[in-house]
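Chain IDs A, B, C, D, E and F follow the sequence of writing; residue 1 opens each chain.
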Amino acid sequence: MNVVITNPPRVGHKTAEALARFGVATVHEAQGRIGLLASSMRPIYPGAKIAGSAVTVSVPPADNWMLHVAVEQCQAGDVLVVAPTSACATGYFGELLACSLAARGVRGLVIEAGVRDVAALTRMRFPVWSKAVSAQGTVKETLGAVNVPIVCAGQLIHAGDLVLADDDGVVVVARLAVERVLRQSESREAKEEETRARLRAGELGLDIYGMREKLAGKGLVYRSAGLEG
Amino acid sequence: MNVVITNPPRVGHKTAEALARFGVATVHEAQGRIGLLASSMRPIYPGAKIAGSAVTVSVPPADNWMLHVAVEQCQAGDVLVVAPTSACATGYFGELLACSLAARGVRGLVIEAGVRDVAALTRMRFPVWSKAVSAQGTVKETLGAVNVPIVCAGQLIHAGDLVLADDDGVVVVARLAVERVLRQSESREAKEEETRARLRAGELGLDIYGMREKLAGKGLVYRSAGLEG
Amino acid sequence: MNVVITNPPRVGHKTAEALARFGVATVHEAQGRIGLLASSMRPIYPGAKIAGSAVTVSVPPADNWMLHVAVEQCQAGDVLVVAPTSACATGYFGELLACSLAARGVRGLVIEAGVRDVAALTRMRFPVWSKAVSAQGTVKETLGAVNVPIVCAGQLIHAGDLVLADDDGVVVVARLAVERVLRQSESREAKEEETRARLRAGELGLDIYGMREKLAGKGLVYRSAGLEG
Amino acid sequence: MNVVITNPPRVGHKTAEALARFGVATVHEAQGRIGLLASSMRPIYPGAKIAGSAVTVSVPPADNWMLHVAVEQCQAGDVLVVAPTSACATGYFGELLACSLAARGVRGLVIEAGVRDVAALTRMRFPVWSKAVSAQGTVKETLGAVNVPIVCAGQLIHAGDLVLADDDGVVVVARLAVERVLRQSESREAKEEETRARLRAGELGLDIYGMREKLAGKGLVYRSAGLEG
Amino acid sequence: MNVVITNPPRVGHKTAEALARFGVATVHEAQGRIGLLASSMRPIYPGAKIAGSAVTVSVPPADNWMLHVAVEQCQAGDVLVVAPTSACATGYFGELLACSLAARGVRGLVIEAGVRDVAALTRMRFPVWSKAVSAQGTVKETLGAVNVPIVCAGQLIHAGDLVLADDDGVVVVARLAVERVLRQSESREAKEEETRARLRAGELGLDIYGMREKLAGKGLVYRSAGLEG
Amino acid sequence: MNVVITNPPRVGHKTAEALARFGVATVHEAQGRIGLLASSMRPIYPGAKIAGSAVTVSVPPADNWMLHVAVEQCQAGDVLVVAPTSACATGYFGELLACSLAARGVRGLVIEAGVRDVAALTRMRFPVWSKAVSAQGTVKETLGAVNVPIVCAGQLIHAGDLVLADDDGVVVVARLAVERVLRQSESREAKEEETRARLRAGELGLDIYGMREKLAGKGLVYRSAGLEG
């Protein structure tokens, strides 16, 4: 159980960067509405957006020892993804660990627990998505595991899966699906761009999507306010 | 049930703009402490403030079809107000619908559910008050209703009621009460401005409001720390 | 019970300012991981940081009368700390009270309840840590107490204790412990500064803290991804 | 605003009793999935089930004075329905008020706030649906209103509407819709009884409801576990 | 900090038993509405009621080592009261510790965290008030303290204080106030018993408490439903 | 994606029954503290305890169509395990589906969503662990999947895994680990039974587990209350 898997396969940098042009909502739709982490995962500051290969960490409650172990397994372009084995809002991560990850080129942290030093992390522009902010520290007594499959905020994540995070939340894309999801995101985005232009010009979704007939078929009725009882 | 009421009476633009000079707290007080939506309704970015006539939408859980229907009923100066028939944090609304509403001059959205594309909505300065941010999409299968009375975040809202929202939350003012509440807000604000000046100058509320006697009458006692046990 | 304790002993301004150079996380660690308020206490805007002597207020649910009493007890450098006797998210505090406190040089407010006028408070840069934002007002009917010991967000706070608040939350330091905690914070910070530099240079925490042997002793195993079943 | 409406029209006892044979889920379905109070409203003991005409009460936060006023307006067969004007979990109601209501033949209480003395209420078999249990008491300082329309746990309720509550929660039926909803509940229940018998006998819903073709049409695929990759 | 205080003064058994005749709501009122723990503290089974001297335990997050230390400090008639230094819902306590406490005559447990083996605890009739039920276990690595003052669910509790718990929640009475609160509870209960009899006989609280004039003075208006707009 | 996997391998009935002799807490410990579902999953009535092979169902938000599909895949001894693709508290399951499952010998339901008809389910003694009770119904419009791996309340569950549920919550044991976990549970239980007897006889855990020396080594100090400052 207490194992560190080294050198898991990763998503290529170019692919990650290509996918990072799209938002979490777009990618979530493009891959068939799967992989979205719970909406309790919020960014510590607005405007951040990252995509990278997951280095996964399973940690005991209120114990961040394995984060130090995980740092060594991280490479440039990775995203650290952390899930405690029991629900816990303690502050597992702060400025020191962020310095260490930033030095290795890690893009950010996704953690289903608490973080601290958020003013410093904001100044460093080291983005974090967490379920809490808490100055409460942890101990270093019990082992966990690195790069094993984990469930984080309701989603199964394997080491090397692509993790994409922005102001809407966090989505995971299975490593082997990334190329396909990238193409689907591009095609969805192209279609949306066209729709966006038409909507901005004042056309209605009712007409663009051809919804009027289906609505009438389901029984939708229009009635003028003046005619109400 | 599945009805769209067209052309409900609305609050005049000038009145809405006049009321928008006051904050939600002031208006809530001025109208007798009624009409405040639950404090779980939060803005997606700080600093926004809007007032406008409500276009109300009742939607099924996880189904945003009626939002497309509602867009057509919106005019410049309106605020879209959406309540699901069952508690739901799914992302009903995103950038595309915002483009469509912005094109019609709609001032913002109040929704007792989730929204997505919040980075894009922030860039567009299209303000939203919601109870969640979630990239999870919805389906378009089941009808609802537009411009019927709805209960949103604990308050009854009719089409054409005035909805005012700022960083403190959201308050609804019944259409026929708007003129009266406007005058009461003005008078309250005038009084507060005077009090504010005196407080800034160092006068105490205890004296301005003449509270000392009433406090003593209720039995308030002062004791120097040095004399404690 | 309904008592106002006047002139409690306070922490010196220089000491408070010295402690304010450190963050809540550092001070919480330095004093042995005690005194942290519940993480439900959040700042109304990011980036604020204050330290000062607590003026404590015990208030009835939905009644802010005692805040007006407490203002008179405040001096420059104080922090107002408010706890209701029963859980309550009503808006006890707004712009008017903030004007009054700012005029006296009070540094901010910590309240286990709601606040309102947050746009105005943000413009004034009057920082507040609260558990809710709510425009709902209070009454002025029932007495409470000022400068008695209170429990706020899970921590016991005496008048004159030092309260430190930043983006991570709020921590209380007992008045008589402040000098000791200041020295411990300085020494902790000095050590961390050195570690930070080494981590930024790419050294690993595993080596800096000498963790490798202890990890192996507890049974941590490394396995290459390529060798997995 | 501070008004007591006397003698509102009520639902007849026979109709209420007839509707009480059905559960909240059945009635909610029968009336078109409207009128369900939020699922945070829970019974204080299992197994209770009531139906009756609503006597509505709007109360200030942490103030139960109007409950004493409301008692006088209650008749045998009524259900007291209480909503605070601001979210509040204080214990508004206990054994004494229950004795008073029981003496008048009131069937139970629905309150979007707290109750206390739940052991005594359980012994008396006086059922309550509330959002909290709390021994914290209230004051009697501020007026409210009786038998005005209120929003309770997200639903608009008028005096004299029928309120039905069981272990599943609480549903409101508009007074003028009660007869229609009763007939719809009876017809729904009759149909369900037949379905229940067939399901107990081992028939499948897939066949009873004729779902197989529609599922296949939407693209549902069956695959044997043995044939998986 | 890591200290066990032995043999704190306690409340006498007779006094505790006398106070246990009253409910939490009565005692909370009798002592002036102080000392009530947060309403998130719920009993694991209905119908239990205990009173006894507190043995207090401060525990680290997810670490129950100090509970084993605390058992030795417990005597017949005590109530074990446990608060973690950081919010935590882990299962600190189960059947084995309950066997040990029951063997010493301890009356029950109050814990602002999780418990497990609740089926066994229910069979043993060993009552627990907790904020969660969780099978997740703890470690035994870090010290805490026994019989020091703790804050549990928002209340300050000293070793030897009286703790009373029933279906309404938990209240603490300071040891030196117990005799006074007992007399106040008796007098309150006597008065309530008389009121209860009158209410059961159909008298109204409006008349018993003489509220009608005060209500009219505040402006309460009665209006017949038939005369509404 | 929209697939039904038929005839997954299952855990043998005898093994399931053997494991059902142990509680969730014991099995969770025995398998190394993994597999525990979030503590928000609560039984609808106390005292139920089940173990069986999981039939897993992935469902869209507020759509229970796939439950009807899943029934056909269930055999005697199975436990139905349901997770929505987006957080949802709607009532997916009620008496009719329970009749159908009971007719096939299914032992119970675990669902990270809402259920209804809980009074009827309690009378039938059909146990359910859910995160909510809600009478709100669902639609039957969108496909999902049966017997694919799902994440339910934070745990990854495969079809055919063993699911064990009691008053403490729900734990999953991987199918291939069941025999090993059974032996570990037996050995843990045997050891606990012996400890239980010694604790009941008044021996202390401090002595049974030999903790005194380790506690002293970590610096635990005993001090008599009489000697305190």
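Keep this in mind: a residue touches a chain if its C-beta (ideal position, glycine included) is under 8 Å from a C-beta of that chain, and two chains touch if they have at least 3 such contacts.
These numbers come from a predicted model, not from an experiment.
J.: Applying the touch definition from the top, give me the chains sitting in contact with each of subunit B and subunit D.
T.: Touches both subunit B and subunit D: C, F.
J.: From subunit B, what is the lowest number of touch steps before subunit E is reached?
T.: Step count on the best path from subunit B to subunit E: 2.
J.: Report which of E-F and C-E is connected by more C-beta pairs in contact.
T.: Most contacts of the two pairs: E-F.
J.: Could you tell me the distance, in whole angstrom, between the mean C-alpha positions of subunit A and subunit D?
T.: 40
J.: Indicate the whole-number Å distance between the mean C-alpha point of subunit D and the mean C-alpha point of subunit E.
T.: 30
J.: Per the centroid of Cα atoms for each chain, what is the distance between subunit B and subunit C, given in Å?
T.: Comparing mean C-alpha positions, subunit C is 30 Å from subunit B.
J.: Just give me the whole-number Å value for how far the CA centre of subunit B lies from that of subunit F.
T.: The separation of the two C-alpha centroids amounts to 42 Å.
J.: Could you check subunit E for residues that touch two or more other chains and list them?
T.: Residues 33, 36, 39, 85-87, 89, 134, 136, 142.
J.: Give every touching pair of chains, nothing left out.
T.: A-B, A-C, A-E, A-F, B-C, B-D, B-F, C-D, C-E, D-E, D-F, E-F
J.: Quick check: in the complex, which residue numbers of subunit E touch subunit D?
T.: Going by the criterion above, the answer is residues 23-25, 28-29, 33, 36, 39, 42, 46-47, 49, 166-169, 171, 192, 195-196, 199-202, 204-206, 209, 211, 215, 218-226, 228.
J.: Would you pull the subunit E residues touching subunit F in the complex into a rising list?
T.: 2-9, 45, 65, 68-69, 71-72, 89, 91, 94-97, 99-100, 102-104, 114, 116-120, 122, 132-137, 140, 142-143, 147, 159
J.: In their complex, what parts of subunit A are in touch with subunit F?
T.: 1, 32-34, 36, 38-39, 85-87, 149, 151, 154-156
J.: Report the residues of subunit A in contact with subunit E in the complex, numbered from low to high.
T.: 60-63, 85-90, 134, 136, 139, 141-142
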